[in-house]
Structures are given as C-alpha cells and as structure tokens.
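Paired with subunit B in one complex and with subunit C in the other, subunit A is shared by the two complexes that follow.
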Partner chain A sequence: MPTITFTQSTGEAAEITVEEGTSLMRAAVTNGIEGIVGECGGQAMCATCHIYVRPEFAGQLPEVSDDEDEMLDCTTAERTHASRLGCQIKMSGPLANIVVDVPSDQV
Partner chain B sequence: MSTPNAPTAICPFSGAAVPAAEAAEAPQVAPAATNGAGVAAPVADWVTIPDLYTNPFPIYQRMRSESPVHWVPAVNRYMVTSYAACHEIEQDEARFSADEKNSLMKRSMGHSMLRKDNPEHQVDRDSYGATLRPGTIKKHWNEIFAANHEKYLGELLAKGPGADFVWDYAAPYTAENLRLICGFHNSTQEDLQRWSQTLIDGTGNYADDPEIWAKAAVSSAEVDAAIDEMLPVLAKKPDHSLLSGLASMPIPLEAIRANLKMTIGGGLNEPRDVLATTVWALLKNPEQLEAVRNDPKLHAVAFEESVRWVAPIGMYPRETTQDGVLEGVHLAAGSRLGVVLGAANRDPKVFEDPEAFNIFRPKKPHLGFGGGVHFCAGTWIARAQVAQIAMPALFDRIPDLRLDPSAASVDAGWVFRGMTKMPVTWG
Partner chain C sequence: MATNMVERTFIIGAGQAGVQVADSLRAEGYAGEITILNDEAAFPYQRPPLSKDYLAADSAGTALPLRGPDFFASKDITLRPGAAVAVDTAARRVTLADGSTLGYTHLVFATGAANRQLPCPGASLPGVHALRTLDDAQNLQAALANAQRVVVIGAGFIGLEFAAAARSRELEVTVLEFAPRPMGRALSATSSEWFATRHRDEGIDLRLNEGVASIERAGNGLVVESTTGDRYPADLVLYGVGVAPRTELAEAAGLATDNGILVDSGLRTAADGVLAVGDCASFPNAHTGSRTRLESVQNATDHGRHAARSIMGHHTDYAETPWFWSTQGNLRLQIAGISHPDDLPVLLGDPASGKFSIALLRDGVLVAVESVNSAADHIAARKLVGRGIALDPATLTDPGFSLKALAKTSLAVSIPA
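Our next item is the complex of A and B:
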C-alpha cells in the first residue's frame, strides 16, 4: 500500500500507510498527525490542511482548482509554489511514498 | 441566536432545550450499557435550562470533569461536552447523523441541508456555489459590507451615547449584509430580522404554542413569496447572491426554500452576536484592546478567540445511527445527542486557562464553526464582515468607545449565546 511521510517543521517525520484513494488530509486526521486540522472535512472550505509538497512529487499532482486556489490565499502559514490543500490530493500510484512538509502554523 | 425574552427558547440548529412541562416526561435514567461496551452515561438531573440560559459555563466545567457525555433529563438528550468527543462526532457522519427524527427545525423551516447527510447534503451545499467563498467576498462583498457598515455605524453615532451596540448597530448591519447575500432585493433588513427570530422561535416551539406556530408560518409564507418573486427577476438579471445562483440550478423549490430559511436563521444572529461579544470582551480587557489597535492583524485573532470563548452556536443536534461507544460511554442506536461546542471550546485538556478571553493564548483550532461536512458555510462571510470590515472601522471612528457605566450589559443564552443588551457610550 502507498505511504505518506509528513515532516514537521521540527524535522520529525511520520510515515503512514494508507489505502489508495485516501486524501492526505483524511490520512493525517485519522492518524493524528499534528498540524493538520481538516476542519471542513475535505470541501476546500477551511484552509486548515495546508501542506508543502516536496518538488520531486509536484509533477504527479492534480491541477489546482479555482476553489483550492482561492483557499490557498487564506492559509495561516505563507503560501509558496509548493502549497496545496491535503484534502484535494488523493493517493494514487504515482504518488506512492509521497513526502510533504507540515507548516508551522495551521490556524 | 440568543433570544432576549425567552429563557427556554430553542434553537433551530439543535432542536434542544425542552421546556419544563415536556422535560417531566423525559426518561430519568440513561439506557443501561449493553455487552460491556462502554459505561452508561451519568445522569445530570441537576442541570436546568434556566441555569444554562443564564450562564452555562460553570455547568459545563462540572460536566466535563465528570464525564464527556451525560444524559440530561431537562434537555431530553445526551449532552457531549469534551473537545475529543465533540471532535469525534464531527468527523464521523456515518455514526452520527444530522438527519434527526421528529426535528422541529424541519417542521418550521423545511428540510434544509443542515438536517441532511451526504450524499443529499452535498447537492444542496454545492447549490450555494461561490457566493460565500473567499474569492467572491474579496471581489464583491467586502465593498458592500463596508458601505453597509458606514450606514449603520452612522445611525449608532446619530443615536448618541447610551445607544445599544446590538440593537442599534450590530443587528441591522448584519441583517442588511445577509439580505444582499441572499438576494432579497424585494425586502428590508427589518424583514430579515423578523423572519429570523420568528422562524427560530417556531423551530423551538416544543410547548406547541399555537401563537408561535402562527407567527412562524406567516414568516415562512413571506419568505416563500419573496423567493418566488425574486427567482425570475434574478434569472434575467443575475448578481452574486445565493438566490441568483439558485435561479439557474436544477434544485427543487422546496430545498431552496428550506435552505434559505436555515440561512436566514443562522446567517444573522451569529455574526451579530460574535461582533458584539468580541467588542464587549475587548472593552473589558483594555490591554488586549490596545494591542489590537496597535496591530490590525489582531482583529482576526480577537474574532477567533471570541468564537472559541463564547461560541455563538453553543450546541447542535446529532443522532446515533448504531450502537457504539463515544469516549468510553455507551450510546444505543437512535440516541439523540447535543454536541456542546460551547463546552468543548473551554476544555482544559486542550486550552490552558480556558475560561479567560485571551487573544495572546497559543493558537489552537476551536470547534466554534463546527467541523466535517457541516462546517459553517458562512465562516468566511462572518470573518469578513466582522473582523475585516466592522471592527477596524468601529475603533477608528469611535476611539473612545466604552461600555455605558450607567446601564449594565447582559450576556445570555446557551444553545445560542450572545449579548442581549449592550449600552455603549463615547465622547
């Protein structure tokens, strides 16, 4: 099964194994990953599952929708070119073993 | 949605708060645990609705320290008061349904998205389109909110010292914003205020008072007529409002009507109450007000701390779909729950010194806007009209705003909590 590695700003990393089709937000919330809140349950409505995706995986990601784009403007931590909402990225073959960084602030 | 004159008034969102006569019929003991799966919820027969209405927070402190879940005869449902248990409910709609049986909210307002589970809920939710989203707020609503704010702040100033912050300013300002967001160009902000309160009162009409039902029915019919009139107008001449978007969608009229009534209920009193509560808290904590004045970014922090400290919607209902255990407490299938956000947001396991209003506390996620699929659709509208538009302009225009020392403010309510009286002065 694919894995996701969430790296905190402290450098601490947690690797979790998930089913295909699970979103990064849901995986983080289910496994109690600190710094991922996911208030709105995955509707791209709250901007509290902000993550930075490592560049080597950027090419495999789905396009940023308009809803996600406007919500990324509302994140607490700075938006960068690597910013995505975890709820909008579902695990699939090419993303297996993806590594993401969790922002220092989410709310 | 505090209801100033009705200590036992009920919330359309929770359907809770049973008046004394009805409470007497409620079972006095919680169902026993079965199969050793979790312990039975303790019975909080000492909790009364008048006490909750006056000040629920000492009650919540005692409840949280005893158990995350209680059976509360006076409310005729379980009350869930710990942060962890409320959070677990929000994240699991399969076990905790929003589609409550015998819901008075459905009777008063129709079956809105707030009482639906997915996939039905999502169809309605999606029908609201981009109207309430940050992009539309930035491009369209902020300018309108600023103009409305100028008008109603002017009316407060014209009324002079001793004016009431809630009824002479916060209520008409938020009602006018909501009128335009909904697209009721054929109605007034006073209509919105009347509809909101009477539909809420109807939804809470456990005593089956025919007069309350009659008033709610009049408002319901007025809203239906206003919607019927506006839909073809907005279909021809679209704008950014909810009704305009709905005019071109394959959504049944019945759902449009119910969802608009829910929005009229939830979209007015919540921003009104959070605006008044935040300003009240800042006026009572001058060092925090000074910090906000010196750093405009802190308006947003004060807003969030206020929503944590006094969640404007303090409780909402859920119903269990199966036997199960919640934070160690057994709940049978079909159990009626009150998810008490007002208590969860003051859980000392999560928030240090939780009873204090403190904008400098470490930032942590509160549950004030709910969570999961029913996360408040108006969250960004509330943040914009209160923290971005109203608060900075208010303290700029009335730098010496203060609570009127000759007339006490009143904060009240539990299902909905806010300021019911807040005389202010300046100059």
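Our next item is the complex of A and C:
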C-alpha cells in the first residue's frame, strides 16, 4: 500500500501506510499526525489541514480548485507555491510515498 | 478555593466542542486534571460528514475521528465512557450513571443537542430514521443499500444533504416540507428558491407546503401520508425536523435555561466554575445583539477555545463571526453572519450561472452573506460581517464590485445609514 510521510517543522517525520482513495487529511487525522486539524471534516471550508507538498510530487497533484484556492489564502502559516489542503488530495498510484511538510501553525 | 486543591476540569460531552475545550486547555498550559465524559460508544468523531461523504455511494465507511488514537493519552486527558445523571453545583460534584461521583473545579456542559421527534403516528416504525450519531449513520448506510424509494421529511440542511446523497445513488427521492420553501429559517428567498430548483433538476420530488400526517406499514415497506392526503410508498423514511438543546441535566442542577443553557460572554453560567459551550449554550451574541444558540462546527470549536481561556482566567467577550456550511450533492452553500427575515437582500452575481451570493443589509450595514458555489465571496464575508460596515446597495450591484476586493483593500467607506 502507498505511504505518506508527514515531516514536522522540527524535522521529525512520520511515515504512515494508507489505502488508495484516502485523503491526506483523513490519513493524518486518523493517525494522529500533530498539526493537521481537519476541523470541517474535509469539505475545504476551514484551511486547517494545510500542508506543503515536496516539489518532486507537485506534478502529480490534482489541480487546485477555486474553493481550495480561496481557502489557501486563509491559512495561518504562510501560503507558498507548495501549499495545498490535505483534504483535497486523495492517494493514488503516482502519489505513492509522497512526502509533505506540516506547517508550524494551523489555527 | 483552597490553593492546595487539585484543579480538575470535567467536561460533559465528547463532541466537537467538548474535545476542543480539553485540547485548548492543554494548549493554554492548563496543568490540572481533565476528564471528558463520552456518552456514546464510539471514539469521538466528526458529525458533519455523516450526512454528506459518509452516506455517499463511494463512502470510506468509517467515521472521521476528532483526534488521533493517541491524542487523549498523550495530552493526559481522561476520556471516560458514561453519562452524567446529576450535578451539585454547590458541592462541585457530578454523579454518573454508574453511581460514581467526581469533584471538579470547573465543569463544562458540552452536551450538544438531540433531534426533535417526529410528531405523527408511525414515527417510531422500523424503517423510519433520524440522523445525528454514528449509529444513526451506520443504520442509514445499511438501509440505503436495500432501498429504492426514499421519503425525506423536512427540507432543512440535514434533510437536503441526505436527499442529495440518496439521489446520487439513483434512488427515487421525495422530500416533504410543510413550509413554503426549503431551508426557510436559514436562507433568503432567492437562495432558497435556487436550491429548490436545482434539487428538482437533479430529480428530487420536492413537495412544499406539504407536511407529514402519518406513516403506516404497508407490506414490506412504509407509506407516508402527507397533510394534503397524498400517499408516498417508501422503503426508507428519514426525518430532519430540527433539534433541541440537551439541557435536562443543567436544568435539574438549577441552572437557568431558555432554549439552551444561559451563559455570559465568557461562556460562564451563573454557577461558580460552570460553563456551557457549543450546541447546548445560549450566549449573548455580539453579532445579533441578542441571545442565540448556534449549531455549527465553527460555534463549537470557537466556543471550546474561548471557554478554555475563560477557565485559565483570561476573560474577554466572545465575539467570533458565525459561519455555516452545507454541501448538498455538488452544491456548496456557505453562510457568514446571521440574517433576519427583515434584512435587505442584495444579489451579487447571476444565479443562472450556478454561482452567486446574497448580501444581507440591516439598516445599511452588512450583517450576513449567503454564498452558493462562491468560496471567494464567503471567505471575504467572514472578514467583513460583524464590523459594522455600511454599504450602499448600488455599490454592491456595481459590475466591478467584489467582496474579496472590499475585504482585501479595506476600502469600505462608512455611509451613514
């Protein structure tokens, strides 16, 4: 099964195994990854599952929707070109073993 | 309070608000004991997805937890199964259903709300469902797999979210609503009518001005008879006719209630050390100037954070901007602020395009914005409402106007109302 590695701003990394189709937010919340909140339950409404996707995976990501784009303007930590909402990225083949960085602040 | 007494916060309810209080207390550096009482069998979970993603045909089939499995232990928070049956605010003691008692220095009611029962004959027949808990959602998910004809009673958020989920499974869906329009308590007429049209376009038989009279068993299924005398065969009936706050325990403890447990702007009741948060709390709302009780994730989490600061001794007036959302199939409704039927609605955008917002003005001041498939408007509205911004309707309807630009540039010019 594919894995996701969540790297904290402290450098600490956690690799978790997920089923295909699971969102990065659900995977993080279900596994208790510090710093991923998912307050709205995955509806792109709250911007508390903000992550930075490592550049080597950027080309494999789904397009940013208008909704996600607007929410990314509301993140607590700075938005960068690597910013995404974890709830909008579902695991699929090309994303296997993806590595993302968790911002220092989410709320 | 004696200085050598152990600080202990006892939270009744393990929903979004109760868990947030505990989380925020630790984040604020609270060193005392924290216990959350969970009266459901399930590990604390998020409710909003239950009427949306959870019921979709491609559902993951598992609840989304509020926190990870190690969260409570790692934060030294005791998650205790059980229910409270009595509170003695003078002795600062809670009695649980198993007979045990627990003392507290702070007590937080996060008891939530319960579904209103359907007031008609046949309401408790097998096949008639409500939707609030994970148990309810699991029952519905199983029932949906064997249903062909679904009748939904009540065209509120829950009813329409469920109707859209059932329709996406290509079931025959009828919605009965006694009021003249769907979501009538929450939405302006324009938005409400737009949703009615779109749900009908999706094939939902939305019947307005038509309530339920009775439900009967018929063969292997059910028949719902409406107030117009029409009869609708159904394999599954879902009702969503509102909720009532769970205040019984607080009332029995002598706390004042009036459609919710009465709290001040610090979310404190009149009893020393006792607070109430989330769906069960009636609080002075800075946005409406009156007491309100809100049922939303935003209200639950912001109350949770505020109550934690209150317990830590930081007293400020709660004034967070209320916001709400509903996703019905692929229709996204977002609301910022709280409107009143007398507010002046001003349309932004073109409903025919599938994306628009309604700005609601009261005495010329922006008090709420309803956005349909328009996240940019909604996000801007969260920043704009509640700031007393006066707007001329003519400004709003100018083709060059956008809420986003207004929020970004803070170009709001106060025009005397």
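Simple rule for what comes next: the second predicted complex is superposed on the first by the 107 of 107 C-alpha atoms of A that agree within 3 Å, B and C clash if a C-alpha of one lies under 4 Å from a C-alpha of the other, contacts with A are read in each partner's own complex, and residues count from 1 in each chain.
As a working rule, a contact is a pair of C-beta atoms (placed from the backbone, for glycine too) under 8 Å apart; a residue touches a chain by one contact, two chains touch by 3 or more.
This is a predicted model, so every value here is computed, not measured.
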Fit or clash - subunit C, subunit B, common subunit A: clash
Partner chain(s) touched by A:Asp105 [first = subunit B, second = subunit C, both, neither]: first
First (subunit B), second (subunit C), both or neither touched by A:Ser83: neither
Touched partner set for A:Ile33, first subunit B, second subunit C, both or neither: second
Which superposed partner A:Gly21 touches (first subunit B, second subunit C, both, neither): second
Comparison of subunit B and subunit C by subunit A residues contacted: C
Common ground on subunit A, meaning residues reached by subunit C in one complex and by subunit B in the other: 29, 39-41, 43, 45-46, 66-67, 70-71, 73-74
Subunit C-touching residues of subunit A, taken from the complex the two chains share: 21-22, 26, 29-33, 38-46, 66-67, 69-71, 73-74
Complex contact set, residues of subunit B against subunit A: 90-91, 125, 130, 133-135, 304, 363-365, 369, 371-373, 375, 377, 379-380
Contacting residues of subunit C [partner subunit A, same complex]: 46, 48-49, 52-53, 58, 60, 64-65, 67-71, 74, 297, 301, 325, 327, 332, 334, 375-376, 378-379
Partner subunit B, residues of subunit A touching it in the complex: 29, 37, 39-41, 43, 45-46, 48, 66-67, 70-71, 73-74, 76, 105-107
